[in-house]
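Structures follow.
You will see chain A twice below: alongside chain B first, and alongside chain C after that.
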Partner chain A sequence: MTTALERWFRPRLPGPGELTPAAVYWTLAAFLVAAFPHLMAMPPALAATVVALIGWRGMAVWRGWRPVPGPVRVVLTLTLLALVVIAFGASWGRRLATALLCVMLAAKLMEMFRVRDLRMVASVCFFLVATQFLFNERLVYLSYLVAGCWLATQALGQIQRIQVNQRRGQDRQASPGASGTSGLLSVQSLRQSGRLLVMALPVALILFFLFPRLAQPLWGLPEEAMDGRTGLSDSMSPGSISELFLDHSPAFRVEFEGPPPPPQMRYWRGPVLWRFDGNTWQRAFFSDQRLSEPPLETEASIRYRMQLEPHERRWLLAMDHPVSSTFPESRITVDHHLISRRPVTTLSQYDVVSTPDALISPVLTDVQRNMALHLPQERNPRTRALAEELRQQYADDQALINAVLRWFNEEPFYYSLSVTPLGRHGADEFLFDLRTGYCEYYASAFAILMRSAGIPARVVTGYQGGFWSESGQYLLVRQSDAHAWNEVWLEGQGWVRVDPTAAVAPDRIREGSRSVVESGRALRDAGWLMNLRNQYDRVQHLWNRWVLGFDAERQQDFLQRLGLPEMTATQIGLLMLAALSLFLLPLTWFLFRVSGQRPLSRAERAWKTVRRRLARLGLHAQPSETPREFAGRICRELDSGERQLVQLAIMFSQLHYGVPSARLLEQFERSAQLFRPLRRGKNRFPRLSFGREL
Partner chain B sequence: MAALGRARSAVNQVILGKAEVVDLAFSALLAGGHLLLEDLPGVGKTTLAQAMSLSLGGDWQRIQFTNDMLPADIVGVSIFQQAQEQFEFRPGPIFANVVLADEINRATPRTQSALLEAMAERQVTVDGQTFPLPEPFFVIATQNPLDLVGTYPLPDSQLDRFLLRTSIGYPSATEERRLLVEPDRRDLLSRFEPSLDPGGVSDLMALATDLPVSEPLLDYIQNLIAATRQHGGLKAGLSPRAGLALVRAARAWSLVNGLNYCAPEAVKAVFPSLATHRLETRPESGLDSAAVVEEILGTTRVP
Partner chain C sequence: MKRRAPANPPLTIQYRQVFILPTRFGWTLALLMFAMLMGSLNFNNNLGLLTTFIVAGLALNSMLMAYHNLRGLRLLHCTAKPVHAGDTARLVVTLSDQDGRSRPALEIRSHDGLSGFDLDGINLETVEIPLRTHQRGWLSPGRLRIQTSHPIGLFEAWAWFWPAQRVLVWPRPAENPPPLPRGAGDDGGRQISRQTDSDNFHSLRNWRPEDPVHRIAWKASQRHQALLAREFRAEVSEQVVLDLARTPASGLEQRISVLTAWVMQAHREGIDWTLNLGKQSIGPAHGERHLNACLRALAEFGQ
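Let's look at the complex of A and B:
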């Protein structure tokens, strides 16, 4: 009993030469690179633990530390498990899963004694580096993925080398190249790993084109409340949008059918906010209800294709006012807001039709009217006073609104990105004292002013403007294009859009957020940077469109273009298997043939170079020729280099069949590199021989 | 080493234009084997043997085999010495460093086997008494392949006792002219100075045994042997003993050629003389073993 327990807990010490430092270091490097993006998203304590474990393993190899005893390992692993659960709490999702994978793999480092363990860790690295695509499908990440795979392949190569050396143990003593840390930084082995990756490329392409795409995914990504990703939120309080102004990452891209609409029409509708508690604007309880009668499609309707970046929220952005969309299980709410049933966790493409001049909500229910007029008690007395004053001057709602907008325009109101916290009477402070702010401040104050004057008003958040890529023919809308504006309800006109920011800073609307940011001096000199970003986004756009957007429909198109009939998913799967075996069988056969042969020694590689140079002149070695026989036969054919060839053959013979000597090997490699034979009678510039044929 | 080179060139001075044969003879010597020369009379078999033995500096004996020869004529006899009242062994001509066994196929099988046994055992047993043969001990046997009347051809199993079998063949036109013009070879032999001594030869033999053989070369040797076993035209392939002999001969050849390692050229050089007399072709294949060996050498890859 005790012996069994002891055996269970006793760490198995690595036998002599079992794990080479090179293999362990490369595996650790592969793991670190694969885990890095996840580490950045993890709670810092967890990330630090993973890094510490990697560091410890590296040091243990370097310094030859003893492995951690079994019971300690068990306790540590359980502690780590508990840490993950505590750190993530109840939010079970992708982040938890990948964090768990990272942490458990790090725990595995403590009991990495055998080749099998090492190989397991290196193999999981392939998966770990690919899981980042669950969170980020950007093009840049592809290169990161390639780098990660390269490292993992390199690690696997080093691990394989351990076994090869074990299999011919006697060689280890004989040749110094096989032992210790050699190959730790060998360009040769890196190149070999790269070659392996390139060899795998056709398989990747076959899988990409022929893996059956399903119209509905078999499994959904687990939902997650928020992933720290910037984007519109479902509430608005001073400062909430300002973070977005500095975020130039794309929010979505639009391709229009026909010419793009003018900038002042580019209002991309997001959450509509009704409830105001004195500080924060929030959506109404009915905001998710389906709109019974969406606007009709008219001649003025605009058709376009959206390419929405994942933002972990349920809303889908659309131009005012959406009529229909092709996004699965989506609906238009009573707020004329397009939303989906599930959070958008992957890059999504969908077509939308919008009618800009639709009349929306001509009738307001009592509930809606109450909510659109509600203000917290005893707040903003000066604003209320102004509203009453205006009401007395203008009986007509439209005239009152115009007066307010004029007031915004004529009084010294400024547009600025600086965030100033507002107190209990926020609208008062802003309208009468501060008078400097951005869309959020204006939209909030305007809505309060309208409600005080008895006009139903609400705040609409979303994006405005965007960058029109002339070369790419698409509109790029960035997070920094986030905007907030108002809608007021007028008798007979329904909800009408009013943008108080446009009255203050018309450029912001005409030219987009960039004009404001640049006038804020922050990025004035970085015009070229923006240009670079726009150029890069074109590539990203193509990547999204052709790679990420290669869905079931595109796949069918692709197959039909190849002249294949329409196929079911099963048939496509069979086609994929056929293509894979068509590629893999010859490769297997080739590898099987090669596997029986010894790997080439350094001398043999150099000799191969020599033979290749001669083969280019049409001088080939017979398989049954010895090196010296070959040289003896060939040197008569040479115009220059015959003496070197004989020398090289003698040196190679000595190195290959005799006792190896490092000095001779170096000399041989150098001479082999310098060897440039010329064939007799075959000059580089052949003499022209006219008349011979005549 | 230098002495070996001198001996080799000295023999080449006598046997004109037959450097390969001389190399093979020295290889057989240094590998501790024996040489069988299969040739017509008058091409220089005896001269070669004589030159070899003279260059070694040891004593040499020539035995002309005839069909009335008895084993005792080779190994020697015990004679009763009346003065001492005991038998005294009179050593036969086989007690020499180099023995030229001329026209071995003329002797009866009984006599032949006495020689072959002595070659294999390197000792002679007469009347229950064992007498070791001198070191080095090297037999050059000759046989005439054409003159078959009244001969007893060596059985195939016995041919295995010879490490190498080769033939000298006719000289080329230039060499033949030199032969005709220059003084008699026997005069040259009479003025022959030994370059080596029996002790030196033993040292060289030890040197040859220690010559390194690399993995690729062993691969090559194995491939060649495997090829003989797989060839359809042969009754049977080479035995493991033949493989061992091939390694020994290749080492010796490399040493003779001044290399400090065993080269594939050595394997190629000794393989025909080593394999041809050990292999027997199927009659229906219409091939002779020399052609098969050539074919195998021409198709086996040199690793």
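Let's look at the complex of A and C:
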């Protein structure tokens, strides 16, 4: 009992032969790289602690420090856990889970003094790498994948060396320090683990393309906000969209069947906002209800494939107005908004059909009309006054709308990113004093104006425009293309789209969000840089299409392309096993043959030629024979070439065992090439039988 | 298992002889892979899946490499030097490689230990395997296991072999044997002149604990900084007869043990001796050869 306690308090110093420094350093490196993106997403204090523990472990190897006493370890671990809980709160999510994993592994480093512990840490690195892709699957993370896996493999290889050395007799054991440092920087060991990884690729690719995919998830996905990245939100307040303008990351990509629609038709519908509390626009309580009769598909309908980046929200973007989509468990709501049942957490591809000129909601229910006309009391008196004035002037709704748009166009309204916070009478301040703002200011003010004039109006958020990649034949829509516009309900026409921004800054609609901003704003928006970004996005697009978006449906496509019929998951699984055994075994065999052999020198290669030519005549060397003995024995069997053979043997012995000389080597190679032996008493031209037919 | 292929060296390990199973670490990684697979499939996360499959590829390759590390290995022969019972014998196995491949991280395991080695594909390699001995006679090394978990310890491939070479285990010499039965050779029909202290001085040699104190050459010892003892030789070369039946000990093993000690002492002292083991009689003779013959006879006696 006392000894156990004592051991706990005063841990034994690990013997010098137990862990090699190389193994520990590589394991730490693997852990650091695998945990890096996770650390970046953690609160800095937590990340710093993890890094400090890694550093401590490295120093412990370097300086031969003792393991941390048990009580300290327990206290530190508990403190770390408490830090995680404090930092992330009680909400259980993927970030919390991975942070916990990182912290537990870091705590494990304190007692990582056995081969088993090292192996555990190194193998969990693979897991850490895989979990990172729950958050981000961009192309650049491929390098992270490669680096993480490579280092972990390298660490496992080094750990294996420890065990081999341990089991070797003590007389054979090299001094551990020497082997440790030489193994640490050895390029050869890195190359070996790299080769191991490359050899794993064929298997990985076969599995990747043929492993049966789940059409439905097995368990629910947690809802969680994106870390660091923002997208459209389901409410709109002044400034919420202009924040997105700085974010050039892709929101989605579209491939059209047929030519792309003109820019003024590229309205990608997101959340539709009905309720206004004076500052913020929000969705209505019925916004999620299924639309009983979606618009019909007509000749003007556009078919396209969406490639949506994960945004952790439930909505799927679609062009006005979606008719149908292939996204699993998705529906079209009464707002003509396409939503899915679960948050979009991975890159998703789906086909959509949209009818741009559909007539939507020809009849407005009382509830909807009330909501579309509701305004908070005692706000924006000047806007109300303007609305009344306009109402008296124009009895017709359409004429009134046109007048407002004309007013926007003719009066000095400006479109700008510089956002000024608005007060209680936001619309008043904007329409009469400020007259400068971004799309959400216009959309909000316009809706308020319309409602004041008794026209049902709502705000639609989403994206507008996009970059058409001529070379890639797809449309790239970035977060910075986020937009807000209005819809007004007109008798007989239903909801009609009105974009006040178009009246103020027509370029915004025709040429995209970039055109409206003064040039030279920042270096990162320079033209050539944008060009580079677009080029990079092409690669990213292909990556998304073929790697990330590879799902059950794509898998069927892929198999059909190979000329295989439609198959069930079981059949695909069997196909995968068949492909593995058929393709992989000979390939691996080949790789072994190549990798296992010692490279031959030039002299050896030439000598091999000589021996091969003799072997064709049935003359083989005995393992015990020296080249000269071999030549001496064989030359008696030969009809021609015996003198050359003896000479060749002498030259080879000299080159291989004696002092090498370049001239001799050349001579040797030349005569080896010319060497054509003939065997005594056999067919003279055994290899030239075809010559007789000539 | 012996039926699968020749199992005594010289032999080449063939595919039918190689067994392979995941190690404990291999199972752990399999569990981890399963978790990664389920997670990635559920979230339909393709890069996660790719990572999982890369690990799967690593595992599959490491299985093949472990197997390949053994297949085609040639075990040429085994030799072992005799030891006394209770000591650890070292069975030396000589291995080579058929295809000139280098084969790292191989191990041979016996009941009593493990030795690791690498084959560089060019030279023959010899490996010493410890074998603990308990009783005199011929020790068969039994089943030996040649194994490897190259390259990252996920799978262990192994093959069994049964070396035909047996190890001679000499009896353990008695710790405190009775003195050599000098002059007791009357029964042997020979007259032996006894070695006495007053006999002719022969040489100086290193002092041994069994030497009486009065034989220590004090002056010479001081000069040489080591204890030296005077050795005396009789004119007539001395002979002893070591008879199993007359050995003063209880039980056969004890007697053999005493005889072993005597034989070795006689050899050390350079006297001729005859070993009588009932029907078998060896000698009189002296020297290494005679010693080995006697020790072997003692080891084999009654077996």
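Methods note: the second predicted complex is superposed on the first by the 515 of 694 C-alpha atoms of A that agree within 3 Å, B and C clash if a C-alpha of one lies under 4 Å from a C-alpha of the other, contacts with A are read in each partner's own complex, and residues count from 1 in each chain.
As a working rule, a residue touches a chain if its C-beta (ideal position, glycine included) is under 8 Å from a C-beta of that chain, and two chains touch if they have at least 3 such contacts.
Fair warning: this is a prediction, and the values are worked out from it, not measured in the lab.
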First, second, both or neither for A:Gly658, with chain B first and chain C second: first
Which superposed partner A:Leu296 touches (first chain B, second chain C, both, neither): neither
Which superposed partner A:Ala200 touches (first chain B, second chain C, both, neither): second
Which partner, chain B or chain C, touches more chain A residues: C
First (chain B), second (chain C), both or neither touched by A:Val72: neither
Partner chain(s) touched by A:Glu629 [first = chain B, second = chain C, both, neither]: first
Footprint overlap on chain A, where chain B in one structure and chain C in the other make contact: 598
Touching residues on chain A, where the partner in the complex is chain C: 116, 119-120, 123-124, 126-127, 129-131, 133-134, 137, 141-142, 145, 149, 153, 156-157, 159-161, 163-165, 167-169, 172, 192, 196-197, 199-205, 207-208, 211, 213-214, 217-219, 221, 345-347, 547-551, 584, 588, 592, 596-598
Parts of chain B lying in touch with chain A, wherever the complex brings them together: 212, 214-217, 259-265, 268, 297-302
Interface residues, chain A side, partner chain B - complex: 598, 623-629, 653-654, 656-659
Complex interface listing, chain C residues touching chain A: 25, 28-29, 32, 35-36, 38-58, 60-62, 64-65, 68, 99-102, 104-105, 107, 114-117, 121-122, 128, 149-153
